[in-house]
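Here chain A shows up in two complexes: once beside chain B, once beside chain C.
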Partner chain A sequence: MKGKNFLYSQKVAPYVFVLPFILSFAFFWVYPLITAFTMSFQDIGAIKTDWVGFANYTKLLKDKVFMIAVANSTKYMFFTLVLLIPFPMLFAVLMDSNIVKAKGVWKAVLYMPALTSVVISGTLFRLMFSEYKTGQMNLITQAFGLGTYKWLKNGWSGMLALLVLACWRWTGVNMLYFISGLKSIDSSLYEAADIDGASPVQKFLYVTLPLLKPTTIYVLTISVYAGLSMFLESYMLWAGNSSPNNIGLTIVGYLYKRGIEKNDMGYACAVGVVLLIVALIINFAQLILNGTFKKEED
Partner chain B sequence: MKKKLISSIMSVAMAASLLAGCGSASGTPESTGSSDGGNTEATESGEAAAEETPNSTFGDANGTHLEMWTFVELHGQHYQDMAEIWNEQNPDRTIEITCTTYPYGDMHTKLLTSLEAGTGAPDICDVEVGQFPNVVAGLDQWLVPLDDYAKDYMPTMVPARMQTYQGEDGHYYGAPYHVGAAAMYYNVAAMSEAMGLSQEDVIAKIDGVKTWSDYETLGKEYLTALGDDSKHFTSVDTGGTDWLWLAMAEYGDDWTGGFDNPANCKLESVSKMLKMQQGWLKDGFAEISPDGHVDCEAGFQNIMDRNIVSFPKALWYMSRFTNYMPEEKGNWYIAKCPVFEDGQKCSVGIGGTGTVVTQQSQNKELAAEFLCWAKMSDEGEQHIWDKLGFDVCNTAMWTKDSIAHDDNNQYNAFFINYPYDVLNDIGMDNIGKISVVKISPTINEYVCTTTLNQVLEDPDYSVDDSLQELQDAVDMEQ
Partner chain C sequence: MEKNKQRDLSHTPSHIVATVLGTGFFLILSAIICFPVFAGLLASFRPGTELIRRGLALDLDVSTMTLDNYIYLFGGNQDSKKYFMWYKNSLIITFLSVLLTLLICYFVAYGLTMYKFKLQNFLFTLVLATMMVPFEILMLPMYKEIIAFGLIDTYTGVIITGLCSASTIFFFRQYMMGLPKDLLSAARIDGANEYYISVAIIMPLVKPAFASMGILCAMGSWNAILWPLLVLKGAEKFTLPIGLNTLLTPYGNNYDVLIAGSMFGILPIFIIFLIFQKYIIDGMTAGAVKG
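Up next is the complex of A and B:
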């Protein structure tokens, strides 16, 4: 009977329900986080580990390559936000409207890239952006009589290649988030707007957009982190972690370079901690600005 | 009752989702050896092995069991064949090997983690030369010194190659596959067509090239005869350090400083090579290798399109010809690299994989003995050449007809001359060595990402300034 009481206890039950999450969160997130934090104050060698205080962080401040990585990741994050929120939202609204025919096909086509391995698609994009005259992009520029271009050797075109890859890959996923957000909007609101004589643009601006806000905030939050922590796309596009003048180096790429390629875990952890802090600051700022932490108004 | 049922189902569902979370961690992307000098050998084979984890057990099921990891499937096949011969020759000490092929990055990460943790490492493991400094950092606490097991083979092994896998304490910790001697590849067919000479005449001219200035003379003669501005005699790399390694070897320099000295990148040899290359770029003698170096898809295409007709590369590049450019068969000639001044070394060992035995092995002695035999003995070296196509490190094999002049061997058949004749011509004392130590990855990386792009993409950029920047970046790490 005691066991039954335990299960039916309103005080205990919530804890039982959240326990699996708490356990996995503690084991896979909190524990590594604390370890990474302590490791960032250490010099971890093959045989012995020394405490070095803030040495890793002071070195990080002087590290020009790290600054390049931060700048690249930030730029990439900014542009993915600019491209991967409005356009998928637009596509989702189109999919939800009566204008588009064969919606299933379009959804499948847009979503398909997300199912492809980045290893394969990254390699294909690398070949497409090859500086050699047979590369896809150079075939196009040559068709317009512009000659060949070293796509993956210049800052802006390298970023362009990364963004093309990101858009190709994530537009469909973000569109699905917005479609599910649209499904939850009550159709009676649109009917009411129709009766009031609202135009399609007004309906979008005054009904769809405000009611999509929770979805938009969610997409924004994950996109900020996804943008800052991007690594694999750049890694595949430049066939490794080294790009000319570090134009494709990201924060996580630098972390990987330090931690795995150079086996300097202490310094890599310092990079990781900085990434976490930057991501937290940006996300808290945007969540506060969006009013997510405000108490629900009645 | 209903409540209880629902709560139980939910608990199960949550537990399941918890466990599912364990398995869904995204895999570490396989590194395929970036374009830096020490890594190129791993590139293609690493990619091939990336998508799966083949695991095979071979040898005598009743023998001593050995665990082995590699990142190139073909390497595993080498050990399979060698294990069978070993078991025939040593019926009282038979072995069984389980060989697992991991993607390049995964394998090295796993190995380092298990060595650090003190458990879980295999008995025998391949380590790519660029990663070797990380692994050898643990010295004899992690790895078994191979000195005693290799001593019978040492007199004929190329010393520079053994030293590449030396630890700070002077012991040898890795067994090499190949020399990776740098040589010059020439497209004789293209040159004879353009210059209107017979292939023999072109080869005679190539054999006459001793110094870089001879090389320039020959190249200009070819380009003048060809009269096509879009073609070049050679290509210089922005994504690889081979040219610079060659220059250092010629002057006996080593920018890493080895184990004892700090790294110094402001070397006369490096500066000379870069300035020479800037001159080549300005007058159209050379172009920049598409996509940074010749060991990539665009590089192969560039070679096949005859945009360049000569380039220096290690002898293991032969397999790129047989695998990716089979139609070039019979067109290419391999020769010694030119030098700056007479009497200099004309080659350098590039790339490589050292195989180690870990201290965690239960059968260290047997594993080390088998490893050294499989990689350094006559049987082992013959097999490495036949199956893997590497220029083997045991110089005693270089003059054997079964290796050097066997026309059934695909590499012997592919090129105009016999690769081992070139190797003998170079001689083991003329193959220089650039150390692979802790600072090496930093130097290679900075050179490939920044220095080479600065001075070659803009041939007017000051080489001295660029090398000073490199030195500053390196100093930050040492």
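Up next is the complex of A and C:
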């Protein structure tokens, strides 16, 4: 009975409640994270594992394919930020205005791509960007009197296909984030701006934009993470992890290729560690921008 | 909306033009967004070989459409059996992972929110820290771990790593912070124990959060690819996305099943979305408003 009372006390109960988190944290975060670091200093063979110091990292720096992957992921991240922050924000402002009817319908439709598995959407987009005459992209070029084009076999157009897929999937989601951000803005601010005779553009620039900052930074962060660690979109668009001249290869794609397909876990973990460092630098930059550390000082 | 109608402004010609333009803009945008799935749906009513030959043609000619792909898909043949096995696996995995994730994350958030204890802030910081590392980095060591635990090719292996979802804990915590703490003291005076209070008194008050998070978890689980792709090895264990992925051969001999199966695979999540739309939007935007 004594043991039971102990578990039921108000001092012990919170620890019982958080116990699953502590276990999950230890097994599926701390341990794999440490292992990712240690493995990155190892050469992991089928029979024996050797410590190789920084050999994986020095090899990585000279690895041309890795550099292609980094360039692709960075480019992809950059363009998704350019496309998937300003436009969804403007769409949200428009959606929030009084000149749009049937808002619920449009919101639901624009969210639909996020519900669709990448296996399905990737397949559909591969068909649309196919090199045959029947692909939608080639139908467009033919309509302008231009010939067909091998969209998924050239660097720039491969990236375009990835970006079109990204825009298709995330425009609606990001728009919803901004709509909820707009809802949290006090409407009296707009009334005050009206009294001062502010134009709609001025209201957007001096009221909406600054007050949307927390939302913008949130969307920015998740977009940076999603952009840098993009893999499945490329995997599905090229029906596998290899694309001509690696035009669709991403950092995570390379990690997958090395770790799973070529079973070179040590080298793959070095790729992962580089990704982690880049992601953390960007994340801390956003926290500083957001003033998170400042708030704690107050 | 109603309020705007009453204003004089809304009857001016310029406002009517603006409304037509504004609504028209979203109509066109929605049409563009719908196109791939709509074209896919049309293609699912044509033979798979047509998909190779003609792509996603937006051909509304009803006379060329047949239900053959769906008849084949539901026909009880080899392919049909395989497809519904994957479907069933996806349903089981989604159901179990939603149920367990919600319960575990609820109790963790409850512990972090409803008590004052020494490690409280530290533990919450750890919850947030887990959000800062992309899953893909932990993927390979976790894969080796799952092999070591003997959980490879099992549903447990697919589900277990995601049960303590930081964003779900975070959302439950945000929700519970708004509840009055007097509820707990009142229940304690009535002689209820700590665990009874968490289940019988607080849990019913958190129902909307369960709905929001349940749907987001279900969507994530139904569409998950990367982790199940690593853990599941045998075709009889595959989830729907992994199974459909194996049909993507260069020969295109499986496209009848692939395209009809894909469209039928979107269905459950679409239905859930349409029913619980409000909760989804609440859940996914929870992190975006508070900076």
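Please note the rule applied: the second predicted complex is superposed on the first by the 261 of 298 C-alpha atoms of A that agree within 3 Å, B and C clash if a C-alpha of one lies under 4 Å from a C-alpha of the other, contacts with A are read in each partner's own complex, and residues count from 1 in each chain.
Simple rule for what comes next: a residue touches a chain if its C-beta (ideal position, glycine included) is under 8 Å from a C-beta of that chain, and two chains touch if they have at least 3 such contacts.
Computed from a prediction, not measured in an experiment: that's the story for all the values here.
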Comparing the two partners chain B and chain C, which touches a greater set of residues in chain A: C
Which superposed partner A:M95 touches (first chain B, second chain C, both, neither): second
Partner chain in contact with A:N72 - chain B first, chain C second, else both or neither: neither
Which superposed partner A:S40 touches (first chain B, second chain C, both, neither): neither
Contacts of A:A13 with chain B and chain C, given as first, second, both or neither: both
A:K153 touches, of chain B and chain C: first, second, both or neither? first
A:W106 touches, of chain B and chain C: first, second, both or neither? second
Which of chain B and chain C A:T134 touches, first, second, both or neither: both
Which superposed partner A:A239 touches (first chain B, second chain C, both, neither): both
Which superposed partner A:S24 touches (first chain B, second chain C, both, neither): both
Overlapping contact positions on chain A, where the chain C interface meets the chain B interface: 8, 13, 16-17, 20-21, 24, 28, 118-119, 127, 130, 132, 134-135, 231-232, 236, 239, 260
Chain C - residues contacting chain A, complex: 1, 4, 10, 15, 18-19, 21-23, 25-27, 29-30, 33-34, 36-37, 39-40, 51, 53-57, 104, 107-108, 110-112, 114-115, 117, 119-120, 123, 126-127, 130, 132-145, 160-161, 163-164, 169, 193-195, 198, 219, 222-223, 225-226, 230, 240-241, 244-245, 248, 250, 258, 262, 265-266, 269-270, 273-274, 277, 280-281, 284-285, 287-291
Complex contacts: residues of chain B adjacent to chain A: 3-4, 7, 10-11, 14-15, 17-18, 21, 28-36, 39, 43, 50-51, 105, 108-109, 112, 115-116, 134, 137-139, 141-142, 238-239, 290-292, 296-298, 301-302, 441-442, 445, 448-450, 453-454, 457, 473, 476
Chain A residues touching chain B - in the complex, by the definition given at the top: 4, 7-8, 13, 16-17, 20-21, 23-24, 28, 45-47, 59, 62-65, 118-119, 127, 130-132, 134-135, 152-153, 231-232, 235-236, 239-246, 249, 257, 260-263
Chain C-touching residues of chain A, taken from the complex the two chains share: 8-11, 13-18, 20-22, 24-25, 27-29, 31-33, 35-36, 39, 91, 94-95, 97-102, 104-121, 123-125, 127-128, 130, 132, 134-136, 168, 171-173, 176-177, 179-181, 183-184, 213-215, 217-219, 225, 228-229, 231-232, 236, 239, 252, 255, 259-260, 265, 268-269, 272-273, 275-276, 279-280, 283, 290, 292
